[in-house]
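Each chain gets a letter, A, B, C and D, in the order it is written, and its residues are counted from 1.
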Amino acid sequence: MIYEELQRQIEQLRALSRNGVDLSEEIARLEAKLAALKRQTATPAPSPAPSPELDDWERVKLARHPKRPYALDYIQALTEDFYELHGDRLYGDDAAVVAGIARFDGQTVVIVGTQKGRDATENVRRNFGMPHPEGYRKALRVMKLGERFGFPILTLIDTPGAYPGVGAEERNIGGALAQNIYELFNLKVPIIATIIGEGGSGGAIALAIGDRVLMLENAIYSVITPEGCAAILFRDASKAPEAARALKLTAPHLLRLGVIDEIVPEPPGGAHLDPEMALCALKSAWQRHLREVLALPVDVLQKQRREKFHKMGLYEEITESSFS
Amino acid sequence: MIYEELQRQIEQLRALSRNGVDLSEEIARLEAKLAALKRQTATPAPSPAPSPELDDWERVKLARHPKRPYALDYIQALTEDFYELHGDRLYGDDAAVVAGIARFDGQTVVIVGTQKGRDATENVRRNFGMPHPEGYRKALRVMKLGERFGFPILTLIDTPGAYPGVGAEERNIGGALAQNIYELFNLKVPIIATIIGEGGSGGAIALAIGDRVLMLENAIYSVITPEGCAAILFRDASKAPEAARALKLTAPHLLRLGVIDEIVPEPPGGAHLDPEMALCALKSAWQRHLREVLALPVDVLQKQRREKFHKMGLYEEITESSFS
Amino acid sequence: MAIFGKKYFKVELERLERKDDETLWMKCKACGELVFKKRVRENNNICPKCGEYFFLTAPERIELLVDPGSFEDISRPIVAADPLQFIDEDGKPYSEKVKKAQEETGLANEIIIGRARIGGYPVILAVMDFRFIGGSMGSVMGEQICQAIQYAVQERAALVLISATGGARMQEGILSLMQMAKTSAARKRLEDAKLPFISIMTYPTTAGVEASIASLGDITLAEKGALIGFTGRRVIKQTIRQELPEDFQTDRFAFEHGIVDNVVKREQLRDELIKILRLFAPLLAHSSAVAGEAHQREAIV
Amino acid sequence: MAIFGKKYFKVELERLERKDDETLWMKCKACGELVFKKRVRENNNICPKCGEYFFLTAPERIELLVDPGSFEDISRPIVAADPLQFIDEDGKPYSEKVKKAQEETGLANEIIIGRARIGGYPVILAVMDFRFIGGSMGSVMGEQICQAIQYAVQERAALVLISATGGARMQEGILSLMQMAKTSAARKRLEDAKLPFISIMTYPTTAGVEASIASLGDITLAEKGALIGFTGRRVIKQTIRQELPEDFQTDRFAFEHGIVDNVVKREQLRDELIKILRLFAPLLAHSSAVAGEAHQREAIV
């Protein structure tokens, strides 16, 4: 078979390498090719089971359901040997963000996520999953640690947004979000971002730049909360359900808009009703996508990541013929 | 002449470049060679005029003299168009550190220094030249900005040390110093550090990693203040003069110990008596050294920078014959 | 819709003067004095009596900064689409809101990009106009900023971004959020090309723009009187249920918290830019004679 | 000076046990109880009655962490020189101070470096001993740390640095300060080789060491009870003339201020290291059978 031949070639190059010739780049390219070949023969992505379309507002409620699996639930169930790291080395630690190293599918990975609390006490500690600048800076520090060792990065997003507080503004929360977005594009390792619950605006996108952006079936991802949108645009916060529909913030809409790559299916009624199933679905999505992105050389990876986001947006060309 | 020939060759390569061939590296190497050649024919470094050796404690007093030129005095006199930048983008600004871009000798450079105040009001604002973490982080931010554009970096050190306070510890002053030292070794542009007054311990070395480390004739550079050393080792702070002598913290000692590259001469009695002369001497030292380091390719520069500091230290080998 | 015909909304500075001619006098909101409009304009839209800063439109801002006659609108001829088919409470579709803004401002979009010289140095300007739906960033702004970056790289010009924005364009939903990513990704091209990016934050620079491209400048200036922050004051007050500090999110606040390099008075912005550009001159395309001259002049002073 | 003969001060862990045999019991400083020395040792030098941590010497620390029989002292055979000809107030030259420390500790220097396995994973250990002139960093420590880094790179082992130090070795003057630079420069070699550097801060980790190599770990752990900071409490108190916060510079303080990744009890340090090393295993030289085994065992649990 062709890829056994390729495998042999790679090993020969490796042997040469040991004799002092630097062939790391050539080897990497061949390995990417090999992986790509293997991928072609692998099973294709499952098309998400078309569960009955829920109303967008219902989905908002599911995304925020207090029994929904949170970041640490996925981390604990899907990875082994998770070792949590703390602190941004600048100012503090932020429990609204969890970050660490783990093994997934036989591979050491870095995982970063926003974390909500399961009860009142934990929610105080985790600030309801709303990070301060130190949370985003911790995340970036740990992702850069992953980059240093060549570990791919998995992010889990579930936050109402960055915390709207005085301290956050004092410590330049806007700058922290901007820095994360910027640096994520430059990281030399694969990144898979997954919106697992609430993807709240700037606080979400600062962890959601990836070579793949996945989204759970009942997760939401939006530029503003439905309540915020209703208050500002409809001058009535109680009109959140309408705003939710107007904002097109659910996974099927976002797939259509080209913002996400894949919907990860949930059990009927939501992930909290059968967490095992949701976990399992995310696991297989991660495995599949990770294998694909790991096969790409770094420069291709970074280029594609940039291009992917560069394409997002919709506008109309004005041509002379537009005016008549 | 050989270097006119070289110059012609470089221009030809440049012309080729404009047609789409990337020859930037080759051009850079040739330019380095050219500069090196020119340097050989240039005037040699002036050996510092052997002014009468002052007592070390006298030098400490000169280094701290309230009329001594401070960082901004050198910046204002020796550079043009200095544009000061502020803030670390993380927490705050720190007036104990000045950082900005300027032109020196026709070349855009980044300048960073610790800054003391000239009177009580300014000293409160500048915290007597004792920076907080945000000062060092601002410095690093601006030096990295210089690196991005290929601007060489000049640092001016004149600080009793990093500020010993609660906030500084809370914001990880030790980590900030460590990070600066580490990153300075990795910067891809030339760095010339100059101790102009007090070089106080960790707070000084965090800005004093350079391809060249220069020191004004009456400046001091020490692991601890004479007062601190006296209090700890001699259990009597008033023995500072003895401690000053014991610590070997003056420029002639440091040159002998291999810690600095050159002593920049001061007028008799100290730089404050004839600032013009001190400024002039530093200018010519900067010019000479800058020309030298700018001629080196980045990899050589970084390697030499590391090796330079790797050699510092003194210990004795134990051999079997040591014991008889 | 006559407006659509005009060279696809290209901004021409010479036409600006005429618009103010309807009345000669205006009343200052701050001090209540009647002031001569033309005098206000000549004074950078600052009240000559009390110093209050009046609002600047994007064309006015451009005029304030560039070398006379050097500006050329190079905006891509695009306008907002309506990806969500968004209809607000008044029953008005987003597309109408956009048209209304176009008619009221005479602009095609919330941002103008143009090629110009400042003190003779080549710059690409990207200037937001707050009048146009709060200067909010939708797909058009994202694309125009990327275009501006591309022009800057092609022409070896500095990028000067002037923000006046409430953040993301909610009516474009998630696609407006994605412009934070799109613009931040493109910013790297300037870095790779060793070209300076100067970000100027004015009143207001908040939310999605502040948390992306506006915070990624090599050098960041706050115009005096700027409002700079991520979350709006009202939302924060609701959340923390406390009074906010007096200077919260002001220019001073941003400076003290290390967010901006300098706070610059409006009337000095142009000079400040020239000072900065001069330092980057060797990296920019050949500057015009004016630059050399200006340079020498000031070097002597 | 008999001590000089012993294989140039190489540390051999097997010999440690005997030293304690002089008396069988000791009094705990914290709870005042009489405790059986052997019991204390078996308990990681923690009081079995009240949990107080007793001081650990470098050899004790090593013994606590490494796989039995795996440790080999690879310290470079060097000892402190006296570059300043430093004489302290008692009229004693620095060289005598060093000799005294050597006699009292049986160590050549304030730091031991060695090759070992922890849970089967290959590590290079660099362990300071506070008894030796406050574990302060002079030219010897700087050089040994650089050596440790070189060994780690050559052998593809993780570097584990255990700090117990008051900072720089004043008596070596500026050369001790330069060790901050020397060690921080060398640290890059681990990064280039993609090898993990785990920094463990114990009581105390301060000043010159804290402000350089100890703060440059990929992962930083504080041992429970650690003291972590740059400037000593006394100096800060003198400067600010205020009482310091209760928890100032404690392990908890370092954790809350984002300075360390985790605070780990002494008795769990070895397991914690194994957990971490396991994640980096693919980057390390082939781990011994023990590692594989240990790994499988724990994976099942």
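Rule of thumb we're sticking to: a contact is a pair of C-beta atoms (placed from the backbone, for glycine too) under 8 Å apart; a residue touches a chain by one contact, two chains touch by 3 or more.
Note that this is a predicted model, so its numbers are computed, not measured.
Student: Along touching chains only, what is the step distance from chain C to chain D?
Tutor: Tracing touching chains, the least step count from chain C to chain D comes to 2.
Student: Based on CA centres, what chain would you say lies at the far end from chain D?
Tutor: That would be chain C.
Student: If you average the CA atoms of chain B and of chain D, how far apart do the two points sit, in angstrom?
Tutor: Computed value for the inter-centroid distance: 32 Å.
Student: For chain A and chain B, what's the span in angstrom between their mean Cα positions?
Tutor: 43
Student: Measure off the straight-line distance from the CA centroid of chain B to the CA centroid of chain C, and report it in whole Å.
Tutor: Centres of chain B and chain C (C-alpha means) sit 39 Å apart.
Student: Mind pulling the chain D residues that touch 2 or more other chains?
Tutor: If we look for residues of chain D contacting two or more partner chains, we find 215, 257-259.
Student: So which stretches of chain A touch two or more other chains?
Tutor: Those would be 89-91, 170-172, 175, 179.
Student: What is the shape of the graph in which nodes denote protein chains and edges denote touching chain pairs (line, ring, star, complete, other)?
Tutor: Contact pattern: none of line, ring, star or complete.
Student: Any two chains that touch count here, so list every such pair.
Tutor: So, checking each combination of chains, I get A-B, A-C, A-D, B-C, B-D as the touching pairs.
Student: Quick check on the complex: what are the chain C residues that touch chain B?
Tutor: Against chain B, the touching part of chain C is residues 191, 194, 196, 215, 218-219, 255-262, 275-276, 278-280, 282-283, 299.
Student: Under the touch definition given earlier, write down the residues of chain A that touch chain C in their complex.
Tutor: My answer: residues 162-166, 168-175, 177-179, 181-182, 185-186, 201-202, 205-206, 209, 221-224, 228-229, 232-236, 239, 246-249, 253-254, 257, 259, 305-306, 309-310, 312-319, 322-323.
Student: How about chain D: which of its residues touch chain B in the complex?
Tutor: 1, 4-5, 8-9, 77-81, 83-84, 86-89, 108, 138-140, 142-143, 146, 168, 170-182, 184-188, 206-208, 210-216, 228-231, 235-236, 239-240, 242, 244-245, 248-249, 253, 257-259
Student: Report the residues of chain B in contact with chain A in the complex, numbered from low to high.
Tutor: 89-91, 133, 137, 170-172, 175, 179
Student: So in the complex, the part of chain B that touches chain C is made up of which residues?
Tutor: Touch residues, chain B against chain C: 80-81, 83-93, 101-103, 108, 134, 138, 145, 148-150.
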